[in-house]
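Heads up, the next two complexes both have subunit A, just with different partners, subunit B and then subunit C.
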Partner chain A sequence: MAVAQENVAPEGRASSPFWTVARRDSLAGFLFIAPQLIGIIVFVLIPLGLVFWYSLHEWNVLANTFTYTGAQNYRMLIEDTNLLEVLGATAIFSAGLVVFNLSLALLLAVLLNQKLAGITIFRTLFFSPVVVSLVAWTIVWGFLLQKNGGINGMLQVFGIEGPNWLREETTAMISVIVVQVFKNVGLNMILFLAALQGVPNELYEAARIDGAPRFKQFRRITLPLISPTILLTSIITIVGSLQVFAQIAVLTQGGPGLSTTVLVYYLYQQAFQFHFFGYGSTLSILLFVIVAVLTFAQWQMRKRIVFYES
Partner chain B sequence: MKAELSPRMKVFLYGLMCVLLVPFVFPTWWMVTSSVKPISDIFAFPPQLVPQSYDWTTYQKVFELQPFVQQYWNSAYIAALVTLGTMVVSSMAGYAFARIRFPFANTIFMIVLLGLLIPSEVTIVPLFQMFLKAGMVNTHWPLILVPIFGAPSVFATFVMRQFFVTLPGELEEAARVDGLGRFKIFRKIALPLARPALASVAIFTFLHSWNLFLEPIVFLSSADKFTLPQALTQYTDAYGGPMWNIQLAAATLTALPVLIVFIIAQKQFVEGLAHTGLKG
Partner chain C sequence: MNYHKALKSAAAVLAIAAPLGILAVGNGVAQAQDAVNLRMTIWSANEAHLKLFNEIAAGFKKDHPNVTVTYESLPFDTYTTALTTQIAGGNAPDMAWIFETAAYDFVNSGALYPLTDTLKAAQGYNLDELSATAAERWSKDGTLYAYPFSTSPFAMFVNNDVIKAAGAKTPAELIAAGQWDWDHAIETASAVGQTGKGGLIVRDFNYQIWQNLASIWNGWGASPWSADGKTCTMTEKPMVDALTFIHDAIFKKKAIPGPGENVDFFAGNAAMTITQISRASLLPKDKPFAWDLVPLPRGPAGEYALIGQAGIGVMQAGKNAETAAEFVAYMTNPENSAKLSQFFPSARKSLLNAEVLKKTNPLLSQDQIDKVVISGIATGKVIPGHTGFAQIQQTVRSGLDAVWRPDADIPGTLQKICGQIGPFLKR
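Moving on, here comes the complex of A and B:
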């Protein structure tokens, strides 16, 4: 191939021997990636450096002071009793979300993978919340979950007294998880559906001839073959769950108490409501470390869990 | 799994799917119908699945209480700019990472991929300070520049790269023999073939921008600058409680256009996203 390239008659400025095909390509390559690379440096890497720098300072916005305090914010992190509750809420939220989201997505994908007439209509409807504006979706659910709202109204028709969903600790957490899952489960559903359709039919036929029951076929054939997709969606979903903000802000404002104050919401409160930018930055570093560790751990796990990789 | 299903099984599956559909479909129905109910009917018992009487003044109030047209325009033009900008930036970068050999390409690719690892929430504090220094707080610039060039566009670049990797090299060789330069090969040959990938990039970028919430409430402070998600939460009474019917009317106006476009083009949406799905 290299020979073929050198035989190309150079034209224009390329006639000077300096501008070889390889050199022109290098230049083109750099120019093509320049906007993205500069963007990452300016909007990701420099801010990441800054957030670490801020986290070593006490920053008083009102007095306009910015003093170096070393690890003091990190000591505060350890001594902050609220933070334990916040991390607990974050863990419950993320774990609940991932488990509920992935199992529902898989169930829906298996259903949509059946040979049934009109299945596209169901697919469209299950997917539709993904395109509904997030805050609009959250507002309706907030409305439905009021003490005298639609859900309790329905329950009352059957003689059941519903709880005040968003004002009690357990039900508030369940509510924010459920609202988020129904909003976005369509995405994972589609990814699973694509994976299921990629499983060769012959495998099932062979299993049927061997007399393997459906459930066993699912466990022994389907699950191993779609395991790369399961891993990928679980990484995306966990990282996404750590970023959930709007739903909390609209539905519960982190309450009651701190029961639904997840880390991002706590970070927002500390930095932008109480103007503790130094401590807010320390919380940002904590969030970064958690995301990095989780992603790395799941990536490592792929060797053990993922059956094969395409 | 693909065996013909028995009729009884079919009935069971349809029934199961209809039950499962309720939490996906009912909220949208409830939003639209409640938005036209008079305030007295909104918490009526038993719940009115279909409005018994109509009150269209809620829609009038949506526009009276806030500069809603302006806010709609803000959200729309920001999402459009971000979508276009991301398509340009990510298709160029994705193409270069996939098809051009240049020094340090792999190292640079790893650096760019770091953007996937760093949620924008991590950098929101320094970004706020940077834009404050640049005099761009309470303008739309942070909501436009950061998504196009920063972390949110990295996923798009990754998707485009995965697509361009699959293009056969002969196409480009032929173009090169015809004397086309890199940029022309990209524009005339690679990009037209990348339509499906570009379409899915456009869809998820648009939705991401349309849904942004943390960034607008951090960066914007005056009502005429607000974007829709932020505006929706502002319809509150003197005690800070939500004015439900007006919020729902505004929510309906926000959600329905995208929903309608989706239903018309659902095939492209769903298959496009499944595609990005991460083959490879």
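Moving on, here comes the complex of A and C:
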């Protein structure tokens, strides 16, 4: 404030200097956010606008034609007989991933939230898949999940004949969900761990004095106090689940049938394999709307499920 | 004051130097315009292939010192996708290898620069000796749009050690006895399959690339669609019978490894594999086994052959299409075609003789060359392809997943597939 007062134009001068402290501060602020802002404009907003523009066209890459077709691609979307199955596979994948990921992450976080010697080794162990290359991770799992692969080999030791994991509809979906969960569960686990360590110990002490059992303590103290983290991780996981691509491309290529063809993989097929870039863009718009609606709905629900919002 | 003086001097230096700089840049641009850089996308990263291609590029540079050719190896599995993505991104290569399955898309779309005039005008080129059947898929209205530089027949590689260990008859014995047909071939494969080794592997099929099964179903006279490409024929008797035969071989006789089972013939783990003869380079050198190469077995419809092709096309979207066409003419002239044929069998009639092929395929015997290579190229049908093939391929692949189950309803599934691809075939 003292500096600001020094810069105030003395009485009687014709005009105040242009670079006031307030202006300098806002310029500095803009410069700080500029890299991020430019990044968002160039890599998010402009492509988003272009995708919408492309969705109104039929773009034949090989023939080099780009014809305005209005809402034709959107009509195609409604008439697409595969789309319902694809959306079903996407919903099953996302729901399975979110439930399995969050429950496992929370369970691991609770188990690892102990003051034991060497506990950091376990924390590192469970977090390490997060930093492994996604494609390398998936390829290795692809080998393990073959009919004559490592997992069935292990099951055979116990006299169990394992299924053909990636070639049967149910097990293929379970496989891609599990591979994805094991890859990323460490990230949510760390977030939950941080949240658990933020819960004041006095509350547990008070509950213990009142005779509350461990499960009740967890339900009545832990869960409400880490609910903001649960909201955050569920939003991140749902949005991430709708963008999964490499695992499907490497493990199942969308099969058997269309059972693991999630929306992102389907739009990749339409645009890049079948060369229907216009229709692929239309599917991207659909994906964008789904992500936006789900995120908005979760945000609206925060008052009911998040402790600090009520 | 000194500061202002220095500033003025610097401005003066810049004022004098700037036009010179612009001139220098201008000259640079002028020189760069003369230099032509051609890029060819390929799906091979084989060092021996690249060495030969670079030698050919160096040979072209002798007469065209301003032209530099580079080769960009793209992954085989996603080659066409990567190529079309480059085109969509405004970064089309000057020349590209094209799969036979995608040939119709590229030729019919107008994406390719017509080659006939350039090839005919090239000295000593002799385009007429290119087999007409080999050129068919790469031509439209009498004009060649891509040169089929590789016309490679499918044949059966055999591991006699594994077959003898299983106490089965080798294909050579079956041929000698006049019994080399699919029933006997599967009998041998089944005998090996029962021992825990792999029986017969249709290489690269992997329950995804179903078009490679043409190497079997052509023996039944089956085809996925009519000759004009407009009608699905998968529900017809030859296809139903062929797929029933393949299904039984997989699930009843254990003659073909099932879905999700990975067995490598070239590692010595299977009795037989159907693949192109160029894969002879994969035969093991460290732990060799007694191998043989035989023609595809006779089917109920008689003897047959299947060929895979690869073409080189010049992209219309490229900036130097004319020069690129000249390079293609040079790369595929008789002299260079002879060099290329050590890896990629040529469809030039002058190179389709036992003498030339023996030199370029030292691993093969005279008999193998006569019966497999020459006869295969002369009589073989090209692997199925269609306009919009990627979509048709994916739809059929997805539909056929229902066939690759022990309890499959084959005619019903094929009926459903025909219903799905029918509209795509009519496009």
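Keep in mind that, in the parts below, the second predicted complex is superposed on the first by the 292 of 310 C-alpha atoms of A that agree within 3 Å, B and C clash if a C-alpha of one lies under 4 Å from a C-alpha of the other, contacts with A are read in each partner's own complex, and residues count from 1 in each chain.
By our rule, a contact is a pair of C-beta atoms (placed from the backbone, for glycine too) under 8 Å apart; a residue touches a chain by one contact, two chains touch by 3 or more.
Note that the structure is predicted; figures quoted are calculated from it, not measured.
A.B. asks: When the two structures are overlaid on chain A, which partner does A:146 contact: first (subunit B), second (subunit C), both, or neither?
C.D. replies: In the superposition, A:146 contacts both subunit B and subunit C.
A.B. asks: Regarding the shared-chain residue A:42, is it in contact with subunit B (first), subunit C (second), both, or neither?
C.D. replies: In the superposition, A:42 contacts subunit B only.
A.B. asks: Touch test for A:61: subunit B only (first), subunit C only (second), both, or neither?
C.D. replies: The second partner, subunit C, only.
A.B. asks: For A:123 in the superposed arrangement: first (subunit B), second (subunit C), both or neither?
C.D. replies: In the superposition, A:123 contacts subunit B only.
A.B. asks: After lining up the shared chain so the two structures overlap, which partner does A:242 touch, if you call subunit B first and subunit C second: first, second, both or neither?
C.D. replies: Touch status of A:242: first partner only.
A.B. asks: Is A:269 in contact with subunit B, with subunit C, with both, or with neither (first, second, both, neither)?
C.D. replies: A:269: touches subunit C, not subunit B.
A.B. asks: Regarding the shared-chain residue A:250, is it in contact with subunit B (first), subunit C (second), both, or neither?
C.D. replies: First partner only, subunit B.
A.B. asks: Go through the superposed model and pick first if A:277 touches only subunit B, second if only subunit C, both, or neither.
C.D. replies: Touch status of A:277: both partners.
A.B. asks: Does subunit A have more residues touched by subunit B or by subunit C?
C.D. replies: B
A.B. asks: Would you mind listing the overlap between the subunit B footprint and the subunit C footprint on subunit A?
C.D. replies: 146, 148-149, 272, 277
A.B. asks: Flag every residue of subunit A that touches subunit B in the complex, lowest number first.
C.D. replies: 1, 4-5, 8-9, 11, 22, 24-30, 32-33, 35-40, 42-48, 50-51, 54, 107-108, 111, 113-116, 120, 122-137, 139-144, 146, 148-150, 153-154, 156-157, 178, 182, 186-187, 190-191, 193-194, 201, 204, 208, 214, 217-218, 222, 229, 232, 239, 242-243, 245-246, 249-250, 264, 267-268, 271-272, 277, 280-281, 284-285, 287-288, 291-292, 295, 310
A.B. asks: Any idea which subunit A residues touch subunit C in the complex?
C.D. replies: Against subunit C, the touching part of subunit A is residues 59-64, 146-149, 164-167, 253-258, 261, 269, 272-275, 277.
A.B. asks: Which residues of subunit C touch subunit A in their complex?
C.D. replies: Per the stated touch rule, the residues are 80-81, 84-85, 87-88, 105-106, 109-111, 207-208, 258-262, 316-317, 388, 390-391, 394, 397-399, 401-402, 404.
A.B. asks: Using the touch definition from the top, list the residues of subunit B that touch subunit A in their complex.
C.D. replies: 1-5, 10, 13-14, 16-17, 20-21, 23-25, 27-28, 30-31, 34, 43, 45-47, 88-90, 92-93, 95-97, 100-103, 105, 108, 111-112, 114-115, 117-130, 145-146, 148-151, 153-154, 157, 173, 176-177, 179, 181-183, 186, 207, 210-211, 213-214, 217-218, 228-230, 232-233, 242, 244, 247-248, 251-252, 254-255, 258-259, 262-263, 266-267, 269-270, 273-275, 277-280
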